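Questions regarding the structure given below will be posed in turn.
Chain naming follows the written order as A, B, C and D, and within any one chain the residues start at number 1.
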């Protein structure tokens, strides 16, 4: 046991604690909800997580550089709406091209944020509070109050949420879930293995030292926003596919949801540390709580939000206490 | 040096404010009427009152996202109490105490367990709102005593309603506390570097606790004003106010990283936002555009000086080369 | 009874059409109706269409109503999203001479409201919802409601009316087991629909009296291939619902014309502004192409007057395609 | 605004150690920041191998083979030691090879003769360990010019020795070393030439053979200064104030026992990481002890918060002024009054700004803090002057027991003498003083008694009359045990 703690990196301690919290949460709800351990439930949570996960990953990268991106919800809305609109008039565009357009749209929005933060030297919370409103306003003005409906979308897109990569028993690995997972894995590997990606941590960890170490901090911050926007664009695409009916409020509130997932996932809100694995666990944890509460028979609709807030707090507190006591055990073992 | 910088920030805000007021007066004939000037404050009175408390919190390098939910919770609790026959006076006191409890609960996690305030108050934003929802479910409550509604709506002192008087009093009191007292100094030091404060014997946890309690009780007070002004409450009372409040504080030149900012700057920023919104509304600009304009102003107010500074320094370098 | 009051063209009436928020189709349709009437009546005044953002709807509506009062607009046409919270501002408006005509969603206490232009009779819509559920469920079994927000006054009134109707003998084998809220957001409504399915395995119908909720629920059930077991019904826009009606996910739903609602609201407001009517019970107005309407006491609220537009259309396989185009 | 640096000329030659000295705020750090591209010069040029070059940023400097260790260690707390070392390397491939990274860093670290777990996150490193990381980082780059800005400021004799050896080894390999230090003895030991700066101006550059201690000091300060003497006899002191018995903190230090009288100076000697700081922190209530007892005036006390310590009249001048000592973006007066704010409070908790200013002004004069007035942000002062502001903060609390942790870290000769005078003066006034210092000459100059620690253990405590630098080093490194075993 002692040896085990000794070998763990502090970041791994955090993830271990988080995994235990997730496990406890799942066990608790399994005792409360009939048929909780079913492929169907797994599918529900997986498809729900699939949309928010890319956003949370993007948010995590921004937070790691000591910034925050409050505009992601509006970017999701813009991407979902504009692509839906575009497909209404160009139904024959190749699916891959559609995804590329979604990423590019998101990246463009992210680049605006990134340029203002990194080169304009405006604090990110100010920039993204502003663009949160600006992007949404653009969408409202552009839409002319029209909604995107499934009727205007090509069939492949409407069928996409059901598209299954493979099935294990009754559990279908849906394409959107697979896309999200692939994105998570790419960024997980990149952030732990790719040399340039380590600069993200360096810049967040000590900006002054980053300058002295010859790291182009501005570029790193700029890129983190571009990536965050790009991933929000991807989420916008999945949002469009999954929900089909897009109004101008699409994605409203995703900013706080993604920040919640990121901080529950153990990314230091003051930058410099965090891992994609943690973000995945955090996103899954928050979404599991949310999805389970709506299915918990004894909880009335009106209690849900109060319990959600309470459970998030308990999860964060438990995770904090566990990480600290693991840290102490590790300390003693050294 | 720092003072000069802050002064120039406030100078900038003052110029923007003057331009806004002049433009409003020129474009909207009704703008300068007394009633409109009072309305302009009244319509956002709860937000601007809470913005004062938020100023202290952000200078302390913390954030309180739960303010709007505490406002809603206090308003709903008041509704439930009055409905169940509690005298309104007693209900007011109980609701203010509820604000203290909510603030103290935030403070416990932030100051003593040391979980970042963004995380704690994000969870509490959801939880306090949820409790308000539990209290009122899908109902709205009206039928408060007449005097309570009057306090929220009618002139209280001269032509001014109670909310405006509370705002001015809090502005002066919190301004003095922040800029003239030892407590205010500690708020600044903790915001600059909490470890330095701790190593200098400042009771960091205590200062933070007091701040979050102030924030909680002022939010509750604002929630009650809201209930009075609208003479009714609902589970969604004050939803989403937190971002508007934070916007006002940041536009006021308060650093989101703590340690810098002034009450005067925030006052100017509040006046700018209120006047701008009012002026745009009077010339029939719709809600989205109003929000977008405030957003642009927020970004430009920081970007503009930054760019000017950069041009000046590169200009100097060229001149000397 | 007295003659219906006709509108005199070319008067000056400054009117504001204030929806719950901007950016969704029904409100835009109401605007089209109002603009149609505006042209028709050759109003020399202005018609403003302004609205708040969805996340700031309550405060925004109050702010805009107050501003309209300051501007001395003649009438504000309000689709109220603030419940009774707006009544203080509405009373202030009335006191300053700005009339408040509500449409789509009234002020529950009617305080500060001149008259409510009701799209349908709220009691009747309750009965229709109960009937649609009845026919889809074969008269027995469990069903649920997926509403907008817990604070949406009109949805709450319709659900209350439906609950009242369900007490009738005809519906004695039907049980409403849950009411949840999708906040008029696609993603929340979609997830809420799926959660309902999991939580109540025996339900036969999801009744969604909101145009956002009903499509989201239909899409969710279709995606999960549950349409043969569970049906969706409620209030929806034909253009958005057509595919689900045709494939049987949502065999029946109802709606009225928002264009007509805007048109009628405009006529009412114009006449009020011109002083041709006072908004009192018994007055009758001639509303252009829509014919004559009478102001009556609103039987669905404790106080307040209304003009009942009606009727509404129940859409199914036979008529939805025509309406969608 | 006056220029931080003007008319500066400096030439460094391969295979030479070139020392740069000057008072605090003379412009030494500014000079090297220009050389490494952190700042841009307003005028003048830099020649590299005879060609004029513009160094736009650190990369430009690195490309020219210039690397620097800055005065304030620049580490990334969230990254581990190995990554910290190799962060600015560019040609290590696209992907991280963690195994190789750890291996190379291990090698580098052991070349420095230190033991440091390269997998550790840098957040827990002490200042000295951070400095080790910086040295390793500079070494890992194939440098032609290595600039060291006060590398020994927080090192103790043993580590200084090692560092000087590294410097000599680099010189032998043909590297030009620019060496900045306030410890003149080091300069005489390793420098080939020495440049003096004063008030941002170049004063002189001479071969080391042509200068002596007094001459150098005169160039730096502009006047002659007494060299501080080694004490041989303890001063008279007053009654017993503090008695510490078997003080322990689990896993950190144990069984520290000493007595301290009013007017007495007790110095803690030992190697970096020997946990002297932790003893200080325990006495100040930052990390309260878990065992043993503390008696003040013969009464047992429990100190579990800094406020309690301060109420007992204890003050602690931290070794890390940037992180723990000063609010860098706040003015001098606010920092100076911070620990004694209560004194300046009037009715309703209002601050008496006039009194506060007067106090700050008084310290500005007394400690000769170089700054036009007391409204200047502390972060804008040079390192040594910052140190003095921190001193002012604690002196103003009028403590009975004053704990100095590396009180002259980064302080120039003149100021150092002043600080020493202040410490002596305080002792004379009856303040009990505890000095944690890695600077052995300083220990010898100040102490009445010396306590030596090693790896969290008290190795010995003795009177200054029984003390020599050799004895302290022997105890601190454990050589005495080796000797007695042999």
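Simple rule for what comes next: a residue touches a chain if its C-beta (ideal position, glycine included) is under 8 Å from a C-beta of that chain, and two chains touch if they have at least 3 such contacts.
Keep in mind the model is a prediction, meaning the values are calculated, not measured.
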Between A-B and A-D, the pair with more C-beta contacts: A-B
Length of the line joining the C-alpha centres of chain B and chain D, rounded to whole Å: 44
Whole-Å separation of chain centres (CA-atom averages), chain A against chain B: 29
Distance from chain D to chain C - Cα centre to Cα centre, in angstrom: 74
Sequence positions of chain D contacting 2 or more other chains: none
Per-residue overlap in chain A, given as positions that touch at least 2 other chains: 136, 140, 302
Residue list for chain C, restricted to those that touch at least two other chains: 22-23, 53, 55, 150
Which pairs of chains touch, using the document's own definition: A-B, A-C, A-D, B-C, B-D
Chain D to chain A touching residues, read off their complex: 36, 38, 57-59, 61-62, 68, 70, 74-79, 83, 87-88, 92-96, 119, 121, 251
In the complex with chain B, residue positions of chain D that touch it: 40, 42-43, 286, 306-307, 309-310, 316, 318, 323-331, 334, 338-339, 341-342, 344-345, 348-351, 375-377, 380, 393
Residues of chain C defined as touching chain A within the complex: 22-25, 27-28, 53-55, 150, 178-181, 184-187, 190-192, 194-195, 198-199, 212, 215-216, 219, 223, 225, 239-240, 242-243, 324
Sites on chain A touched by chain B in the complex: 116, 120-123, 125-127, 129-134, 136-138, 140-141, 256, 259-260, 263-264, 269-270, 302-310, 312-313, 316-317, 320
Residue ranges of chain C in contact with chain B within the complex: 21-23, 48-53, 55-56, 58-60, 62-64, 66-67, 70-72, 82-89, 92, 108-109, 149-151, 156
